[in-house]
Every structure is written in C-alpha cells, then in structure tokens.
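Structures are listed in the sections that come next.
You will see two complexes here that share chain A, one where it goes with chain B and one where it goes with chain C.
Coming up: the complex of A and B.
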C-alpha cells in the first residue's frame, strides 16, 4: 500500500484505457503517455493492463508501508527514495516506510509533461467497464472516480514475481528511441479528417507548415492550440457526432482543439484532422507553452507507425529478459 | 555466419563463460543460450559444459531490425567488479555504448574529482534499447572519465578511473 503525502493536484490512477464503452458514451480515459506506462509495467514484469499513477504537477510525495517494487517513467523529474537519487526510466525495490519524492528538475534534455509511478502488481482499484482508469468527467474508475488527494491510501495487486529488470536498469525513452521532429520541434502525424477539404487551401497548408503552441487551456480533456486562424471556405454547422482522442476540431475562432484521453465521446465542431493513435503519447508529453508540428500521413502510414511502436516495445521486453537472464545465470 | 559455425561459437561461449549470445544479421538472427543450472566452474575442468543451443535462423523483415543484438557476458554484478589487479578502474560490463549521462538528463553521472559511493552509477552502458547502470566498485573519488561519451566499448574495457 502507498499513501499520498503531497497535495497532488490532477494526479490520477490510469491504465492503458477503457475501450469498447464509447457506444454508451463513456470515453477511453487512460494514460496520456501510454508508452511510458507500458515501459514501467515492462520493467516490473506487470501485465500490460496494470494501472499506475499519472502525475502532472510536481512535487509529488508518497510513502510505502511495506516493501515494494516500483518503476518511474515519463516526464523527467528530480526523483529520490529516502533522499537517494532514483535513475530515470528505471525500477527499484523500496523498503517499508520509504518515501518517494518527485520534484522539478533543472537539468533535462527532455522534459515531458507527465510522470508515471508504477508498482509491481499494479494499483488495485475496482475495474469499471473493463478498466481501472480514472474518468473524471463521469466520476468513474480510479479511486472513487476522482483525482488523488493527500492521505489517500492505494492498495497494490498481487505481484506476479516476474520482475524483468534489476534495480537501476533503464530504458532509452521513446522520445529518443522513436524520435519524430520537424524543424527542431516535436511532431505528430495527422490524418486529414472529414471536413479537411472544407477549409481554405491556405488554412490547409498552415496546418502542416506552421508551429502550433500548446496553450495553458490544455489538459487530459483536450489541448487548445494557438497558431494561424484556420478558416473554413464557408461557415459549417454540423450535428453532433462521435469523436475519439486525437481528433482535431476547429471551433468558430479558428484555433484548433486536439481531443485527448478524457475527450467527450461526441462533438459538433468541424474536424480538420486526427492525430494518429501511435503518436498520441508524443502529444501527451508536450508541455504547456511548447510548440509542436503536424505531419500529414495516410492510413497505411498510421498503421505502420502503430507497428513500429509495438515492435519497439517487444524489443525492450526481449532485451530486458536477456539482461536479466544474464544476471540470474551469473 | 554459417550454420556449421555454430558449434565453434558455442565452444567459445563456454570457454568465455558467456550465458547468452545473440547475433542479428541482415536476414537472420541467432540466439544461443546456455542452461543456467549447468553452468560450469572454471575450477572444475572435468565438467564439459552442456550447451543448449536454441539456434534460430529466422528470416526477419528488414524493418524489424534495430540497432543490433546484445551480447551479454557471464560475470554477474560485473559493473561493480573491477578488473583484477586494477581496483581503481571501473570496467565495462559488456559490449555497448558508454553514456556519461542518462539520455533525458544533461548532467553527467560522474565528474572528475567528485566523490562516488560503492554501488553508485557512474555512467550507463546502452545495449539496444536498454541502459545498464555502470556502478562504482567502491567508495572513492573519480580521477577521470576514461571512455568518451557515446563511445562503443567492449567487455572489460576501462570506463572510469578512481583515485587510488
């Protein structure tokens, strides 16, 4: 069990997401950086559906009441266990009573926006509609359907004892292993969506050619971006229709909104594009105030990108097993 | 690499005490693993090390080939074991890229003239997508970082020198 010691605004329990419930109007939720979560679970030998803690605001502090194996991935932070530095993207066994502290770092080559604390066995909260993810809008999943608070005590699931990595073994983070940059800015690949052709040609080209800034009105629900005004050829009025995380809507003001993990399941704004599923984690780690670029892709490109991600994850799993086999054998 | 070369490679692995061997080529991948329980002792020359060679020559699509396979050497928490007779040198636990800092961090893990504690990471060895911490064998003070950042190093190669 771990107890949250800090006033941890916007910290939630997330797994990879709640799929198959959109038909009832229940969004997917899930980790904003699904790759960081997957890496943490790999380090610990957890199943890929194990839930972890997503931290958006530092500092974060928690105490473990018994021995535990934990992994830290995602945003770069100043991490310590009882004052001793914890290596980024690695796992460690902590003693009963140990206190984990995550603070802001001054030295980061890659910053990111969300850190993940994973535990062997996963955070054990009830499964709701197939997932432990917190869905703030509906108040379901996670711990009582809400963000974590100071004093919350979180139970762990049974560890399967199949931990893959020893203390300190780390992973080259996906931002470095699967880089995607354009003109020095992080980029995400986008499929033109249903109303793409209803925008003026110069707006279509602005979408691909100009940087887009992540404004402070950006959260798990969606990212409001600022950049050139995107103008439709003629005003559009649409009926509400189903939308998914990644959809880029353009409201009347012409400043796009990218729907994120806590997106509502329907909306009526025109859609100029959709960030592909394989690149949503890149957006999930784009800090407020940073700028990003969009790269046009197609259906095959989107599927290829998804394959690339799963190939990379299986390579990480295979290499962790190799390294561990060697340690055990010696 | 020919299939007929595998027995020779296997023999070399036994002699060197290497537990797992992986080689990825343009159109093949070989993985040799020695049974862990039947690990030979160097002090017992009578024991012929049984080698379970799960050799797989898998045609792989070129897309799935990454930055090469890892070759892992047998001796254990080797990061913390200095080369014999050279207790003042931290040596590489395997073949890979030596990194002075974690990719996400700007600051090097160790700097000359700074103190280090036994078991403290002084760098990373990158093997494919994995980063192995290179640990200081003892308390001391760093004399020099011997291997350049991101240099390719071999097993047992000196990485960091400690003051005597």
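Coming up: the complex of A and C.
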C-alpha cells in the first residue's frame, strides 16, 4: 500500500484505457502517455493492463507501508527515495516506510508533461466497465471516480514476481529512442479526417506548415491549440457522431482542439484530421506553452508508425528479460 | 451537412466513420441500428456505435488494408432494413430559462421566438433516443422542431452542469453529468442517466423516447 502525502492536483489512477464502453457514452480515459505506462509495467513484469499513477503537477510525495518494487517513467523530474536520487525510466525496490518524492527538474533535454509511478502488481482499485482508469466525467474508475488527494491509501495487486526491480537499469525514454521533430519542434503525424477538404486551401497548408501552441486550456479532455485561424470554405453543422482520442476538431472560432484521453466519445465540430494512435503519447507529453507541428500521413504511414512502436516495446521487453536472466543465473 | 451518397472517413487508425446519406430521419436511424447489429459481429470490430444517422466502427486492431472493410460496410448498408426497437418512454420535468438555461437568450436571438414559445415547441414533441454518446449515459434525441434550431456555440462552455437541456444545431439533448459542451442550454432537469453499477449502466437506450414537461419558464 502507498499513501499520498502531497496535495498534488490532477493526479489520477490510469491504466491503458477503457475499451468497449463507447455504446454507453463512456470514453476510453487511460494514460495520456501509454508508452510510458507500458514501459513502467515492463520494468516490473506487470501485465499490460496494470494501473499506475499519472502525475501532472509536482511536487508529488508518497510513502510505502511495506517493501515494494516501483518504476518511474514519463516526464523528467527530480526523483528521490528517502533523499537518494532515483534513475528516470528505471525500477527500484523500496523499503517499508520509504518516501518517494518527485519534484520539478531544473534542466532536462526532454521535459514532458506527465510522470508515471508504477508498482509491481499494479494499483488495485476495482475494475469498472473493463478498466481501472479514472474517468472524471461521470465519476467512475480509479479511486472513487476522482483525482487522488492527500491521505489517500492505494492498495497494490498481487505481484506475479516475473521480474525483480533491476537497480541501475534504465530504459532510453521513447522521446529519444523514437524521436519525431520538424524544424526543431516536436511533431505528431495526422491522418486527414472527413472535413479536411472542406477547409480553405490556405488553412489546409497552415495545418501542416505552421507551429501550434498548446494553450493553458489543455488537459486530459483535450488540447486547445492556438495558431492561424482555420477557416472552412463554408460554415458546417454536422450531425453528432462518434469520435476517438486524437481527433482534431475545429470549432467555429477556427482554433483546433485535439481530443485527448478523457475526450467525449462523440462530437459534432468539423474534423480536420486525427493525430495517429502511434503518436498520441507524444502529444500527452507536450507541456502547456510548448509548440508542436503536424505532419501529414496516410493509412500505411500510420500503420507503419504503430508497428515501429510495438517493435520498440518488444525490444525493450527482450532487453529486460536478458537482464533478468543474467541476474537469475549469476 | 447532408451528403448524397454514404460517406466513409477515417478517425485515425482506431476507427471508421460511416455517414448515411439524406436528411436526418428516424427511418435512416433505424437502418443505422440495423447496420450496427451486423457490423459489431465482424471479427476485426471492437464496437459499432450509432451516432445521429451515422455509425462509428472501432477496430480491435486496424486492418492492413481498408478497401475490403469499406466495401463490406457499403454493401451491409445497402441491404440494411429499418430495425424497429420497442422502447420505453420517460417524462422529464424541465425548468426553462433563468439560471438553469443561460443560453436561452441566444436561442431567442437566433430564432426570433419568445422563451415561452421556445419551451412550448421544445416540450411539444416526443423525442426518440437515436444514440448514446458524448458522455456516460447521454442521449442524442431525434425529432426536434426546426423552428428552434440554433447553431452550436463559437467557443464551447467549459463546465456545464448535469441535467442541462440544450440545443446544438438541429438537435436537442440533456447532459447526464457536469462537463464541457458547445451546445446552447435552455433549461434544466434532474434525472440520473448513468450508474456504472447497473447493468446496463445507462437509463436510456436507442429506441427509447423522452418527453419534456414544462415546469416553469423563467424570464
């Protein structure tokens, strides 16, 4: 069990997401950086459906009441266990009573926006409609369907013991292992959506040619971006239809909103494109105030990107298996 | 936007969107329900979720090539016959205007009607639940009188309370919990539409109907 000691706002329990409940109006929720969560679970030998803590606001502090194996992935932060520095993207065994503290980092080549604290066995909250992810709208999943608060005590699931914490072993963050930049800015690939051709040619080219700033009104629901006004050839009123995380809607004001993990599962604003599934983690780590670029892709390009991510994850898993095998044999 | 031919478009690699042709109608929606029943049995499909005269098809894993599923979707639509669902009707008491209807003035400005007229037109019809979406338990309703149609807001409202009765374009609906919305809220009601511990977790399903009853029109 771990107890939350800090007052960190916007900290939630997330797993890879809730799939199959769209028919009830329930969106996917899930980790904004699914790749960081997957790496944390790999480091600990957890199943890929294990839940972790997603942290957006630092500092974060928690105490472990018993010996535990934990992993820290995602955004770069100053992490310590009882004052001793913790390697980013690594796992460690903590002693009973140990205090984990995550603070803001002063300098980092890559900052990110969300850190993940994973524990062996996963955070054990009830599975609601197929997932442990917190869905704030409707108040389901996670701990009582809400963000975590100071004093919350989180139980762990049974650890299958498949992998011991490997002190000193660290995963190269995917921001470095799978970089995607354009003109010095982080980029994400986009598949044009139904109304792409209903926008003026100059708006279509602005989408690809101009930087887009992540405004302070950006959260787990959606990223409101600012940049040139995207203008449709003629005003559009669409019938409400299903949407998924990644869809870039353009309301009448002309400033795009990228739907993120807590997004509504349906909408009616014109859709200029969709950030591909393989690149959603990049956006999930784009800090407020930073700028991003969109790169046009097609179906084959989007599938290739998904394959690249799963190949990389398999490689990470193989490396960790190798480390484990050497530990066992030595 | 009304299309002449069925349209299939991409929502990234996670899903496809099928848009039925023609003006929005209950008959088309009944064909969409029928299409959904068929498509959700396909092995590569995770969910087939009706929208308003359209269908979202989400994938368990994206198919390597798109053409085959597009062709099957098109032919399944061509042969889909309207599915009549025998649903329930529930009545929702609504306070129109005032604090619970902050955008009544915008609907008044757009339609040129008085709040009382808007409430009477709005409460004067039986609304079939076309689809569930937007947020847990939310119902998209068909059949709103075109006289009170009002475009969605230029900038979405960040926090609209649960129970908000609102108009977005030619559609109307009731929010099931607090959250952001781009629709114009004209009134408020208090009913619980969603409970994750129930099976199913939603109060209303496609094929059910809602009737609004005017409690009061606040000016």
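Quick note on the criterion: the second predicted complex is superposed on the first by the 328 of 330 C-alpha atoms of A that agree within 3 Å, B and C clash if a C-alpha of one lies under 4 Å from a C-alpha of the other, contacts with A are read in each partner's own complex, and residues count from 1 in each chain.
Here is the rule we go by: contacts are C-beta pairs under 8 Å (C-beta built on N, C-alpha and C of every residue); 3 or more make two chains touch, one makes a residue touch a chain.
Bear in mind the structure is a predicted one, so any value in this text is a computation, not a measurement.
Under the clash rule set out above, the superposition-derived model of chain A with chain B and chain C shows the two partners fitting side by side. Shared-chain residue A:306: touches chain C; no touch with chain B. In the superposition on chain A, A:173 contacts chain B only, with no contact to chain C.
Angle at chain A (Cα centre) between the Cα centres of chain B and chain C in the superposed arrangement: 150°, in steps of 10. Legend: residue contacts after superposition of the two complexes on their common chain; A:323 is shown touching chain B, with no touch to chain C.
Judged by the touch definition given at the top, the superposed model places A:315 against chain B, while chain C stays out of reach.
Once the two complexes are laid over each other on the shared chain, residue contacts for A:89 go to chain B alone; chain C is not touched.
Ranking chain B and chain C by residues of chain A touched puts C first.
Applying the stated contact rule after C-alpha superposition, one finds that A:110 touches chain B and leaves chain C untouched. With chain A used as the common frame, chain B approaches chain C to a shortest CA-CA distance of 16 Å. Taken together, the two complexes place no residue of chain A in contact with both chain B and chain C.
Put simply, chain B touches chain A in their complex at residues 19-20, 22, 33-34, 36, 39, 63-64, 66, 70, 72-78, 101-107, 121, 124, 126-133, 135. Residues 76, 87-90, 105, 107-110, 112, 168-173, 175-177, 311-312, 315-316, 319-320, 322-323, 325-330 of chain A are the ones that touch chain B when the two sit in their complex. Within the complex formed with chain C, the chain A residues making contact are 19-20, 22-27, 128-129, 135, 137-140, 191-194, 198, 217, 221, 235-247, 251-253, 264-269, 271, 274-278, 299, 302-303, 306. Contact residues of chain C toward chain A in the complex are 1, 7, 9-15, 17, 19, 24, 46-47, 49, 51-56, 58, 62, 64, 66, 131-138, 140, 151-156, 158, 168-171, 176-180, 182, 194, 196, 200-202.
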